[in-house]
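We call the chains A, B, C, D and E, going by the order they appear; numbering starts again at 1 in every chain.
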Amino acid sequence: MAEISSHGAAGLDRTRAHYMALVQQRRLYGGITLAIFILLLVSGFWLADARNAGGFWSGLPQMFDFPADVVADTIPRLNLLPGYLVKYLPALLETVNIAAVSTLLGALAAMIFSLLATRGLARWPRLIPVFRRIMDIMRAVPEIVIALMLIFVLGGGPVPAMIAIAFHTAGALGKLFSEVAENADLKPVEGLASVGSTWSQRMWLGVLPQVAPNWLSYGLLRFEVNIRASAILGFVGAGGIGYELKNAMSWGQGKFDEAAAIFILLFLTIVAVDQLSSYARNKLTGPGAH
Amino acid sequence: MELAARYAEADRIVGRKKLVAFAVPGLILLYFGYIFFAFDMPGLVERARPENAQILLRDTWSYKTHVTRDNRNGELSYAVEGERKGAYPEGQRPQWVSGEGEVAVIELGQGREVRFLPGNAVQFVIPGERTIEAWLEGRSVVTNLDAPYPDYVSVSGTRLQVTLPGARLTFTRSRSEVFRYFGGWELFFFTLDSPYHGQGLGRILFGAQIDPARGNIAGAWHDFWQNPMWMHAAVAWAMFETVLMAFLGTFGAALIALPVAFMAAKNFAPLRTVRFAFRRVFDFLRGVDGLIWTIVLSRAFGPGPLTGALAILFTDTGSFGKMFSEALENVDGKQIEGVASTGAARTHRYRFGVIPQVAPVLLSQVLYFLESNTRSATIIGAITGGGIGLLLTQAMITQKDWEEVTYYIVLIVLTVMLMDSLSGWLRRRLIKGE
Amino acid sequence: QEITEFNIGILGGENAQDRLNNHECLKTYTEEALGVPVKLFAPADYNGVMQGLLGGTIDMAWLGASAYAGVYVQDPEAVEPVLVKINLDGSYGYHSIGFARKDSGITSLADMKGKTFGFGDPNSTSGYLIPSVEIPMAGEGITMESGDYFGEVKFTGGHEQTIVAVNNGDVDAGVTWADGQGAWEDGYNSGSLRKAVDAGLIDMNDLVEIWRSKPIPEGPIVLRKALPEEVKAKMTALIDGMHDADKECTYNISAGESLGFDPITHDAYLSIIEARKSQSN
Amino acid sequence: MLAINRLTKRFGANTAVSAASFSVDKPMMIGIIGRSGAGKSTLLRMLNRLTDASEGSVTFEGRDVLGLTGAARRGWQADCAMIFQQFNLVPRMDVVSNVLHGTLGRRSTLATFFNLYPQADIHRAIDILDRLGIAEQAPKRAEALSGGQQQRVAIARALMQDPKIILADEPIASLDPMNAQVVMQALRRIHEEDGRTVIANLHTLDTARRYCDRVIGMRDGRIVFDGTPELLTTDMAREIYGAGESFSEAATSTEIETLDRGQPETARHPRADEIQHPPVSA
Amino acid sequence: MLAINRLTKRFGANTAVSAASFSVDKPMMIGIIGRSGAGKSTLLRMLNRLTDASEGSVTFEGRDVLGLTGAARRGWQADCAMIFQQFNLVPRMDVVSNVLHGTLGRRSTLATFFNLYPQADIHRAIDILDRLGIAEQAPKRAEALSGGQQQRVAIARALMQDPKIILADEPIASLDPMNAQVVMQALRRIHEEDGRTVIANLHTLDTARRYCDRVIGMRDGRIVFDGTPELLTTDMAREIYGAGESFSEAATSTEIETLDRGQPETARHPRADEIQHPPVSA
């Protein structure tokens, strides 16, 4: 095999030594990384356990106490359940509406932001970092913060939640949209530029058709997320099903049947939207798609 | 085909696109219209309190100093934000207050001045306006004003309130109180009782020893860190607790979800029923939101960061389980077959045929969740009683310390952005390069 | 029977951090008395502390009367009341106050027909339980069903939120707690109205009182029943003697002037428990 | 008519086009040749204003092309159509819409959003497609077409602009010989029948010789040859391509006759790099 | 040594391999030819136990191969290395690690689970790579290598197994002629120098003729030819490939000499579909 073998014995030794050094280094780094990670995880767990009112191990056997209480309280009044389901349907509708409107509004804003922040597409390339930072900040602010501030100004109800979620959605989707747009093929855009089209025309005709399936898919995913978000904001007074759930749950024994009914409604909705959207997303982007 | 037919066809195509172009925004607008009324926007405009927005905005960047006289005993007190811990130490008062005994002259800027006079009377001098005078007659408050009152004044038999930009006077039979507003976050570094208050950084670092009992740097650090007004140490701990919840929850969930996801992936769990069962478990974990998990778990584990972390872990196990199993279903069989053909055992087939393929996808998903969970942890903390979320929501609900709210928000935003860049950096490090 | 740590739960009403700071002295005393580490917890709502007591992860808390009833109804063996705060006048009660904006023209419950009424936390005694029992007794045809007598009945989440909501006009009237002593324009001597006035959030001239409940018993300080007797005794003695030993700390943990704490038993809350049961399904 | 004077484009330290000057007084078909990196594309892109020039001037019928901004610049782009090597159509849209995009330079943004094209334009688009022999493809998505058909759609879009000049940047580099011929013939016909000026970057000598009235040779950003195809000797070609003695013209050819040497006839699109870099030293 | 008896594989109603029998008594290099779908891959996969057979038996030195389970089966797989058309390496891992996977059949331990292999194994892996002329690629990721190099890594993995038999399923179908030659020569040399049996599915006649001692022809799952290359007449080939009169052997060839007809010599990887489906009716 000498004629294939490209280098002599000395070369082989070098290769061996070089590779062994590489392996040693990789093992070392890998080991250190793993050790640090495990250390962080264990010490983090230990710390959290120590700072918690109840310990992890002592709490484990009690894990099902709460659900058991709920079930025990619900079973005797099972006959009331359908009534509750109907009673809380409007609240559920409000939650879903909040999610839908805020997803729509957020997605609209995200479209514009993402195009303005994508290299190769931006209207004002110099401002790309500015728009990126804006999106970063919009994404980083938790919905609950904006919602509470708006509740202070606008009063309770669905609108603060809607604005809060839309704001966050704009930032979150903006980033994802821009990642998609970055991979868009620029040839059609250039083609349109050569006929003397405006920036908006180029985006509308050249970019949007390319990115639409992926954007839509991300939008649907966000809708799922936003249903939860809008339910959660109900917990802090933004209306909808979360508000009802919190009140029933905190009352405890005596209203657990209502809590159970609301929980079932919310859970079914989340699962249904989740399934529908993952079905639609699979259709949209197909196998192997982004 | 005839050219005419082609024309018609093209007209139809463009016509259909035109229809869609009108229909989609039309439907969205229609929906917005429905929402407009369903969410009672017209009523909202009525109910909105723009002045609250003003308070909020003003409070975020300014503070007020209270000068209070107890009308029962004539005692004067001075305190930043009217709080005990912001009080001026005995014998000290702001420079813009003068006067002796029961009398105090309080300058409010722009030539405005409030005078606390003996006999429980007050005077408010406003340049270009009539001087407001008020005093107590028996149980009621009497003023020299006649209706209609200027819009900055609110008077009743028991109370007078004058609200001006940057200043406010409240006079009731129990006390007379003046607020004066200043820009900035006062006492952010040291409270008034700290010897380091008002000292420059250079003085503290290089100057002579200020507090005879302590070294400058150690003392200043202690007073800053334990600042009773801003409580930096507690806030930092709370922020850390939030990140801790996100970290434990995310990685705990990932570690659990990874092996379990094999049971829910078509190509690794041949039994349909097993697969189905695992998928429903994932759906359930995910569908019950983290917040509800928090409530459920707080019975067993009580309040604290562990409960929050476990709540995140539960939800994310569901999310990761689903995403991981989807990633596993998309693996390239060739690599597995390559390893299998050497006679490798099943675990080794997974280890070398599957894990290297899915690792980048999974890692990227996990890191993405780490960032978004930092945000969720604020909310979960608000419920379970831990972390910055609790501080934040409580400060917002009690609605008085907006500058602290701003402080918390800035911290949260910075932390989330930091986690975002960190996870982006890790993603690039671990996935693109090795 | 030994304990390794002692957890104290604190209910809402102030900034979480303020609450923790105000209880720092109690923590120190408890550590001294029991010789184990003490942790303070200040969950966002009543339910957080109640769950802690039910699950046995919190050993001591100062509950509202209704919250105590709630815990008792779910598990009679969970906690026992030991002490109650005594007001300056020797009583141990306070009131639930219904109030509205003056410019709304509402002066009594009769004016509230068809209007929006705001409660605080569902587990609050004065913010929900007592008004929901007593208000229907105040007039013909008044019920607490949303859309029945009142146009809408909703929970704002807490006393502070109720005050803000009424002041903003989000709800037409609401209930909150006050000791009912002192002057209205000050927001009474103590209570959440007074706190809001002190914070400069509201101007009492803008508000009117439209309803007042019968005196409500102050909520008890409870200890987990399963604690060793010795621990229970030590803690009871510690807090009972607090007023004489450390006024400042008493002021801090009772959120205002008081005469300290006196022993109390479960029987004081029987009526509240009945009221709570009546509000359950 | 069109006068280009000392047109220069620098990318950082690299000068892509260096003081290129030439003028066109009457409609003609011009081929620009030169090897990869000679600056051909950059030159055309500057003419269309897709790329801003560093120096020099371009004048068209009195208009100072390089000075135009905003609407005036878009007006110029409408007058000066461009055809690309990769067609640069919107692949997911149907052919008619792609052709109608030629009118965007004159149409308002709002009208575009709602697809408000006048019927006359739609019919004209069909007419143009018919003229190029692909009217039956009108309702298909552009991506469903073969390369040659796509390039003809691109030409249709250019014609839709009713331009004074058509610029074509290696219009046949991505096409197989058969389609290349169809496309070049279409361009030639447009020049002859409509009297429009066509300037085409071509990567092969024989195509330039066969279809153009005038050939411009570029090397390293400079114009090194400008004249009729007859003047283009093999020596001249060697100079342009910077090739040594072994330069064989056939190697740069894409004509069907020269290539068809018993290759399997599966429609194989030669990879761009194979064609653009003729093995001059082979 | 190796005896295959009436080996059959059915996929539902479809019989991929039907009662194939042959035996090998001494180390040799065997080429299996046949057109797409003839059952070549299925046959090899049954031998390696990647696919379970429906019927028949395989015996190797007394072992009943098809009856093996668990560790015994993995032991057989270790003895019987397999090389795939698509290389089936782990692309994100480095070359040496890929080669070391060859030891997994005998050493599936916890240490190897964490990628910790004995130093001796690592050195042997590098030796094998050196023998195949790609030692300098050792630290690179497999995906960074060219096709021919990747296939040699796959061969190295096979050699790492120290197998008695090497099965190769169209080892050169994804390679350009140059690399195909290197890979086939490597296989041949392994057979000659190490005395291992090599069974290779090959899609072209001339490769089989050139490198193999024995050729097996399959058609529709059946073995229709089994003999030395010399016996493989054009008629026989037509029979195997089910081709008509126009069958030309050259069309299935990938040898450099036959292909090199003035093509540019840029290393062009033929597209798989061009090579796997020779235009038999051309």
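By our rule, a residue touches a chain if its C-beta (ideal position, glycine included) is under 8 Å from a C-beta of that chain, and two chains touch if they have at least 3 such contacts.
Quantities reported herein were computed from a predicted structural model and do not represent experimental measurements.
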For the sequence-identical pair subunit D and subunit E, determine the rotation angle of the Cα superposition and round it to the nearest 5 degrees. 175
Tell me which chain's centre, taken as the mean of its C-alpha atoms, is farthest from subunit E. C
Chain centre (avg CA) closest to assembly CA average -> A
Which integer distance in Å separates the CA centroid of subunit C from that of subunit D? 81
Take the average of all CA coordinates in subunit B, do the same for subunit C, and state the distance between these two points in whole angstrom. 26
The distance between the C-alpha centres of subunit A and subunit C, rounded to whole Å, is 38
Which whole number of Å gives the spacing of the CA centres of subunit D and subunit E? 48
So which stretches of subunit A touch two or more other chains? 51-54, 59, 62, 65-66, 69, 152, 155, 157, 236, 249
Indicate the residues of subunit E shared as contacts by at least two other chains. none
Hunt down the residues of subunit C that sit against at least two other chains at once, touch-wise. 7, 9, 41, 45, 47, 51-52, 54-55, 57-58, 157, 161, 164, 168-170
For the subunit C and subunit B complex, residues of the former touching the latter: 7, 9, 12, 14-17, 20-21, 41-45, 47-49, 51-52, 54-55, 57-58, 157-158, 160-161, 164, 168-170, 182-186, 198-201, 203-206
Using the touch definition from the top, list the residues of subunit A that touch subunit C in their complex. 51-54, 59, 62, 65-66, 69, 77, 80, 152, 155-157, 236-237, 243, 247, 249-255, 257-258
Sites on subunit E touched by subunit B in the complex: 48, 50, 73-78, 81-82, 84, 86-93, 101-106, 108, 112-113, 141, 154, 157, 161
Taking the complex as given, what residues does subunit A use to touch subunit B? 37, 40-41, 44-45, 47-49, 51-56, 59-60, 62-63, 65-67, 69, 94, 97, 100-101, 104, 136-137, 139-145, 148-149, 152-155, 157-159, 162, 228, 231-232, 235-236, 242, 245, 249, 263, 266-267, 270-271, 274, 287
Name, in rising order, each residue of subunit B that touches subunit A in their complex. 28, 31-32, 35, 38-41, 44, 47-50, 52-53, 56, 241, 244-245, 247-248, 251-252, 283-284, 286-289, 291-292, 295-297, 299-307, 309, 330, 375-376, 378-379, 382-383, 386, 389, 392-393, 396-397, 399, 409, 412-414, 416-417, 420
